[in-house]
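After this come two complexes, each holding chain A, first together with chain B and then together with chain C.
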Partner chain A sequence: MQLHYLFRRLGQFLVVLWGAATLNFLLPRLAPGNPVRERLTNAMAQGGLLQEGIEDMVRAYNREFGLDQPLYVQYLSYLGHAFRLDFGYSIAQYPRRVAPMIWEALPWTIALLVSATLIAFALGTLLGALMAWPRAPRWIKWLAGPSIAVSSIPYFLLGLVLVYLLGVVFPIFPLSGGYDVGTMPGLTPRFILDALRHSLLPALSLVVVATGAWALHMRGMMVTTEGEDYTTYAEAKGLTDRRIFYHYALRNAILPQVTALALSLGHVVSGAVIVEKIFGYPGVGSLLFQAISGLDYFLIYGIVFMTVLSITFATIAIDLVYPLLDPRIAYRRT
Partner chain B sequence: MARTLNRRQVLALGGVSLAAAVAACQSQAIEVPTKAPAASGGGAPPPTQAPAAGATPAATAAAAGGATPAAPAATKPAAATPAAGATVQAAPQSVGSIANVPREQTVIWSVSDELNQFADTGIFNPFLQGARRTGWHFAFEPLYFYNPYWTDEYTAPPGLKGAKGEIPYQAESYAYNADNTEITVKLRKGVEWSDGKPFTSKDVQFTLHMLRDNAPKLNFSTDVKLWVKEVQTPDDLTARIVLNNPNPQFFFQFFQWHQDAGFPIVPAHVFQGQDPLTFTNLDLSKGSPVTTGPWKLVFASPEQKIFDRRDDWWGAKSGFHALPKMKRVVVLPHFEDPKLTQLLVAGQVDSTHNLQPSDTEVVLSKNKKTEVFTANQGPPYGSLDWWPTALSFNDSKAPFDDPEIRWAINHAIDRKQLIDVGFRGTTRATVLPFPDYPAMKPYFDAVQDLLKAKPIDAYDPNKTAQIMQSKGWQKDAEGFWAKGGQRFPFVILLPPGFFQNSAPVVVAQLRKAGFDASFKSPTNAGTLMSQGDVDAFLQGHGGGIRDPYLTLIHYHGRYYAPTGEPAQQSYRWRNADYDKLVDQIATVQPGTDKFMQLYHQAMEIWIRELPDIPLNQWYLIMPVFTQYWKGWPNEKNPYTAPSSWHRGAAGLILQTLEPASG
Partner chain C sequence: MASTQLAAPVQPVDEFVAARDRTRAGSVLAYCRRNPQLVAGLAIVGLLLGIGLVGPLFVDVREAQPTSVMIDQPPSQEYPLGSDDQGRNLLAAMVVGIPLTLRVGFVAGSFGLGIGVVLGLLAGYRGGWIDAVIRMVVDTLMTVPALLVLIMIAASIKGFISVWIMGLIIASLAWMNPTRIVRSQVLTLRERAYVQVARLSGMSDLEIIVRELLPNMLPYLAAAFVGAVSSAVLASIGLEVLGLGPQNDPTLGMTIYWANNFNAILRGMWWWWGPPILVVVLLFVGLFLTSAGLDEIANPRKRKQA
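So, the complex of A and B:
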C-alpha cells in the first residue's frame, strides 16, 4: 500500500517534470529573434564588433548550437539534455558551459534567499502565534495592522524604497553588488563581513515583507487551534500556559506553515530574479535575467529546469515528511 | 499500532529517497563540470565518463561545425582540447594568494558590454565569439595605436613617439608596396611575451593564418580570409602580409588600434596545437593568458577582474617606455547609469562607461575631484566619438525607395531643435555620416560645393509638403500624409538602450510635418533591422575616422539583400555607379588627388540619393576621478578618449596616468 502510494507520487513527479520541461523549452522560443544574431548585431550597434561576415558567423553558430534543426529535433535533444542535467554550451558566453555557470552563481542565491526565507519563517510564525495568543503581551497585537500593510507591499517595491532610504539618503548600506570593489572573495573574515553587509539590504526587504505574510497565516491557524476541544481540555487540566502554547496550539497550527515553507524554498530561485536585479546581487536570478535578455536558450533551460526540479522535489519531500509532523495523516486514505 | 508502524515505514522510505536524491544531486555537481571537456573535445574519446558525454548532440554538432567552415580546422589535433575546456570551468579563477594593493596604487574602471556581471570570466581569447571588451584589450598590445584626435602639433602622450595619429608600439614601421598588395611590417626589437619568449614575425604569421583558416567562426576571421593570402617571415622582425587584392586600408583598419577597431597578435607558441574555436587562453595556474602587455590577470570572477603589474614587462627592460605607475587595475562590469553616477560620486571608480549629460552634471557638482574632457568643464563635456548618427531606412521598400521622399523627410528635420532638446546642447549637427575629427576636415571641405547645391541641413516643412504632394500623397482628416486610404508608414526602430532622449524629438518633428511617425525599441531590433522588417531606424556609423572610406563601404551594394534576408548593413540601398567608385577608392592611398576626386564623385551620388539622413555627431562623456590619478586624456592633452573599454584607449591611458600626489 505504502509503496504503491510512493510510486504513484513519483509518477506524478515525473509527469509534472516533463510538462514543465516542455513549457520551458517552448516559451523562450516564442520570443522573436535569433540569439546569435541578436548578440552580434547588438555588439555591432555598440561598436564592439566591426567586421565582415557577421551573417556567416550567425549561420555557423546556429549550426553549432543546433538552432538550424527542426524544432522537434531540438526538443528531443533538449529532453536528453534535461535528463542528464547537462544543458551544453551557453550561447552568449560560448565556449562556457551552462552547468558550471549555474554552480558558480548558486551559493550567492542560496545564502541570500534561503537564509532570508528561514529567518522570515521563524520570526513570522512566532509573531503570528503570539498575535493570536490571548495571554501574549498587548503590544504584540498592535503588530497585526502593520503586518497586513507590509505583507501586501511587493518586496521589490519595498526594496527600492530601502535602497533610496538606506543607500542614498542615509548611505549606511552599499547600493548594490555582492561585495566591495577590490575585495577578494574567500573565506576571510573581511570578505564574509563585507558580503554580509551587502546582503543585509536585499535580505531586509525580503524578510520584512515575508514576515508579515507568515505572521498573518500563522495567526489564522492559531485562532482555529485555540478553539479546538483539545486546547480547552488542556486548559481545563490546568497545564501551564507555556505548555499549551507550544505543545497544543503552536504544534498543530504550524503544519500548513511547514508545507508553505517547503514550497517557498522551492521558489527561491524564481523569486530571486527581481531582488537580485534590483540590488545588482550576483546569483542565479541575475544570471537568469542576463540569459533572458540575451535569449541564451540553453542557460534559460538550465536555470528554469533547476528551479522546476527544486520545486517539485520540495513538494514531494514535504509529502513524504509530513507524517513526521502530523501522525493523523494516513497514506492508505489518500 | 499498525498506524505507527506505517508511519515509520513511510518516513524511512521518504528519508532514504531524499538522501538518494541529495546524493544524486551532489554527484551531479561534481560530474557535470568534469564531463564538459570531453564534450568539447569533438571526437577525442572522453577518458572515463564516456556514456553521457560522448553521445550528446552538442558534441556531435561541435564536431560537425568545426569541420565545415574550412578544411584545415578539421586537422587541428583534438587531443589538446580537454585542457582548454578545463580552464573554462574553473571560475572564479585566481592564482595563489593575492596581495593587498592600496587604493592609491590602483586604477578601478568600469567597462562596457555586460551589465552588473561579466559574461566572459573563462575566456581570454579575443577571437572567440564569447569574448568581451573586459581586459584583453589592454593586456594585449597593438602593433600601432592610432589617435583620432591628432593634429599637426599633437599625436602621442608624453613618453611615446608618433606622427599623424600613428603611434608605433609592437611594430616600428610599416610600408605598402606600389600597388598596395603587400605590407611589410618591421617589428620592434626586444618585445617579449609574458612567458619570456620573444615576440616575432612568426606570431604575426600564425595569428593571421589562424584567422584566415577558421572563417567565419572567429572574430575578424572573415575579414582576414577576404584579404590575406599569406604572411611571409623573411626574418624574425619582418612580416610581409600578402593581400589578395589591393587594400591601402588594411593595416590601419586592423593593426592601428583606434576606438573598438583592431585585433591583437596572439602568441604562436601558446596557441599552436590548440583548437582555435574553443581555446580559451586562460589558465591562471599555468601562467596563461600569455600577453605582451605589462598586465597580468590574477583574478577573474563575474563581479571583477584584477590585473597586477608585471614588472618584467619588455617595454621597461628595453627602454621603450617606463612601467605604468599603478600596481593594479581592477576592471568592473558595466552598470546602469545611476550606479555609475553613484560610484563616481563616491570615488569608488576612477573612470566609467559614458554617462548622460544630466548624470555628468551631478557627478561634477557632488564630487569636486572629478573632471571631464572639455577644457572649460562645460558642454559638450565629452569627446567626439566616431559614431555620427543618422535616421536610416530600408531603402528598398516603398515609399522609402524614392530618393525624393528621403529628401522630403530630410526637410522635416530641424537639427538645431534636435540638439537643443534631445541632447541639451551637448552635441553638434552633422550633414555627413563622418565624425569631424581634425584629420577629416579636408573631406568635409571637399564636398562643400555639393552641399551648397543640395543643402542637407535645410529645415523646411513647406518643401516636404511640396514633394509629398507631387508624389501623390494627401493629408487625411487628422493631418497625416496618406495615399489611397493608407497612411505613410513610419515606425522608427531603436537599438535597445540607445536614443531614448533624441528619438522622441525626431518623431515629434516628423509628426509636425505630417508623417504618422512613432518609435519602438524591441529586444530583437537587431534581427528586424538585419532582415529589413523595418521602415526606419536610428543608428550610428562606426566607420572612417582617418578618411571616409570605411564609412563609404557601409552603403556598398554588396551588403544589399532582399527584404526578409539578413544583411550586415541594413540600408538595402544600391547604386552600381557608387559601388564602382567605392571599389576604386578601396585601392587608392587616402589623401591622394585620385582619392579626393573619386570621393567627390561618390559623394555626389550619395548626397543626391541620400540613403540615410545624418543627424548629429556623437559625444562620449566620461567623467574621471582625479584624487588618485592625473594625466587623463582631455581636450588639452587629447592622446585618446577616456573610454576604458576601447582597445584604442585603455592601454594608452594606463601608460600615461601619474599618481596625483607627489
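So, the complex of A and C:
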C-alpha cells in the first residue's frame, strides 16, 4: 500500500516536471514569430563587438540542441538537457551558461526567503492562535482587523512604501543592493553584518504581509478545534489554560499550517521576484527580472524550471512526512 | 448546511410564501446588519467601479495618454494627483486605469469560474474516469507556481499584450480552484433526497444540473468567483509591475511599473505611485470582505463564531 502510494506520487512528480519542460519547449515555438529566433537575429543585427559571440552561440546551439533537426529530435534533446539542469547559454551575457548564474543567485534568495517565511510563520501562527483564544489579552483581538487589511496588500507594494518611508524620508536602511560596494563577499563577520543590514527592509515587507495571512488562517483553524469535544473535556478535567492552549487547541490546529508552510518554502526558489527587484537584491528574483527585461529566454525558462522542480519536491516531501505529524493519516488515501 | 436545505425547491405552503414575500425587503436589511462584511466589501468594490463610471464626466480621459500635460507636476488645483515623467495627468490615468484593472480581474474570474463549473460538474456528477482525470490535472496544476508560468507566457508574447489578452492568459490558470469547489459541492448535493426525487421523476441529467444543483450552489459559486477575481487582479498587478502588462494602457499595475521604472520613489514623487497603491490595497480589502461575507452565507455554521 505504502509503496504503491510512493510510486504514484513519484509518477506525478515526473509528470509535472515533464509538463514544465514541455511548456518551456513549446511556448517560444508557438508564440507569434518565434521570439527566441527573433531575439537571436536581433542580437546578431545589433552586432558590433558582440557579433562574433552571438554567431558562436547560434552555432553552439545548433550543435547542442540540433535546431536544424526535425522538431521531435529537438524536443528529445531538449528534455535530455532539462533533466540534467542544463539550460544552455544566456542570450544577454553570451559566454555564460544559465545554470551557474542561477546557482550564484540562489543562496541570497534562500537566505532572505527562508528566514522571512519562518519568522512570519512563527509570529503569525502564534498571533492567530491567540486571536481565537477566549482567555487571551483583549488587545490581541483588536489585531484581527489590521491583519486582514495587511494581508490583503500585495507584499511588493508594501515594499515600495517601506523603501520610501525608511529609505528616502527617514534614511535608516540602505536603499538597495545585497551588500555595500566596498565590502568583499565572503564569510567574514563584516560582510555578514552588512548583508543582514541590507536584507532587513525586504525581509520586513515580506514578514509583515505574510504574518497577517498566517494569523488569519490559524485563527480559523483554532476556532474549529476550540469547539471540539476533546477541548471541552480537557476543560472539564480542570487542565491548566496553558496546557489546553498548547496541547489541545494549538496542536490540532497547526497541521494545515504546516502543509502551507512546506508549500510556501517550495516557492522560495522563485524568490519574491518583485520585492527583490524593488530592493535591487541580488537573488533569483532580480535575475528573473533582468532576464525578462533583456528577453533572455533561456534564463527565464531555466529559472521557471528550477522553481517548478523545488515546489513539486516540497509537495512530495510534505506528503511523505505528514503521517508522522498526524497519525490519523495513513497512506491509504485513494 | 441549513441554508441549502431551506433554499431547496420544495413547494412551500402558500401562506408561508406570502409571509416571506411581505418581509423580504425588511429581511434583506436585517441580514445586511448581521453580515456587515459583505456590505462593506460590496460598497468598496462598488465605489471603485463608480469611479470608473462617473470619473470620465469630470476628468478628460484623453489626458491619461503621455505628452498631454506638463511633466512632473506635484498635485495642484489643476491636476489633483499631479503628472508623471511622460506627461500623463495622473488623475485621468487613475480614472482610466481602475476599470481596466477591474476588467482584467473580471475577465479572468469569469472564464476561470466558467471552466471550473463545467469541469467541476462533469467530475462531480459523472464520476468515474472523467473525475479521476480532471482531479489529477487539477492537483498537478495546483502545485505549479502560477505567477512564474504566467511570466513565461507573457514574456513570450510581450509586444502583443492587451487588457483582454492579459485576462485570458491569467484565466488559463484561474480555473483549478473553482473546479475543486464545484466538484466537492456536487458530490454532497448529488445524494440529497430532492435530487433523487428529481431523478426518479424522470428529469434528465441536464435538467437536474440546471434546475436542482446550480441554484443550490449559488453562494459557493459567488464566493469562488470573488476569489478568482481577487487572485486574478493580484496576478495581473504582479505581471504589470514586472513590465509584462499592456504597454499602452494605464492600468494600476502599469502606472506603478512606470513610476518604479523612472525612479519616482527616490525622487520623492509620492503622488505618482501612492494613489495606485492605495487603490489596489482598497480593492483587495473590498474583495476579501466580500468573499468573507459570501462565505458566511454559504457556510451558516460559521455564523455563530463571527
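Definition applied: the second predicted complex is superposed on the first by the 282 of 334 C-alpha atoms of A that agree within 3 Å, B and C clash if a C-alpha of one lies under 4 Å from a C-alpha of the other, contacts with A are read in each partner's own complex, and residues count from 1 in each chain.
Criterion: contacts are C-beta pairs under 8 Å (C-beta built on N, C-alpha and C of every residue); 3 or more make two chains touch, one makes a residue touch a chain.
Quantities reported herein were computed from a predicted structural model and do not represent experimental measurements.
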Which superposed partner A:Pro282 touches (first chain B, second chain C, both, neither): first
Between chain B and chain C, more extensive residue contact with chain A: B
A:Pro95 contacts which: chain B (first), chain C (second), both, neither? first
After superposition on the shared chain, which partner residues are touched by A:Phe156: those of chain B (first), chain C (second), both, or neither? second
Does chain B (first) or chain C (second) touch A:Ser293, or do both, or does neither? both
By the touch definition at the top of the document, which applies to A:Glu228: first (chain B), second (chain C), both, or neither? neither
In the overlay, answer first, second, both or neither for which of chain B and chain C A:Val15 touches. second
Please report the chain A residues shared by its interface with chain B and its interface with chain C. 31-32, 168, 175, 293, 295
Taking the touch rule as given, give the residues of chain C at its contact with chain A in the complex, in rising order. 136, 139-140, 143-145, 147-149, 151-153, 155-158, 160, 234, 237-238, 241-244, 256, 260, 265-266, 268, 270, 273, 277, 280-281, 284-285, 287-289, 305
Within the complex, chain B is touched by chain A residues 2-3, 6, 31-34, 36-38, 40-61, 63-66, 77, 80-81, 84-86, 88-90, 92-97, 99-100, 103-105, 168, 175-179, 181-182, 184-185, 280, 282, 286-287, 290, 293, 295, 313, 317, 320-321, 323-324, 327, 330-332
Which residues of chain A touch chain C in the complex? 12, 15-16, 19-20, 23-24, 27-28, 31-32, 35, 148-149, 152-154, 156-157, 160-161, 163-164, 167-168, 175, 223, 227, 267, 270, 273-274, 277-278, 288-289, 292-293, 295, 297, 300-301, 303-304, 307-308, 311-312, 315
Going by the contact rule set out above, which residues of chain B touch chain A in the complex? 3-4, 6-7, 9-11, 13-15, 17-18, 21, 28-29, 32-33, 35-36, 39-40, 52-53, 56-58, 61-62, 64-65, 68-69, 85, 88-89, 91-92, 94, 98, 103, 106, 108, 112-117, 119-120, 122-123, 128-130, 132-133, 215-217, 219-223, 225-226, 259-261, 277-278, 280, 299, 301-304, 306, 330, 332, 335, 339, 342-343, 348-349, 386-387, 495-496, 498, 522-527, 529-530, 539-540, 542, 566-568, 645
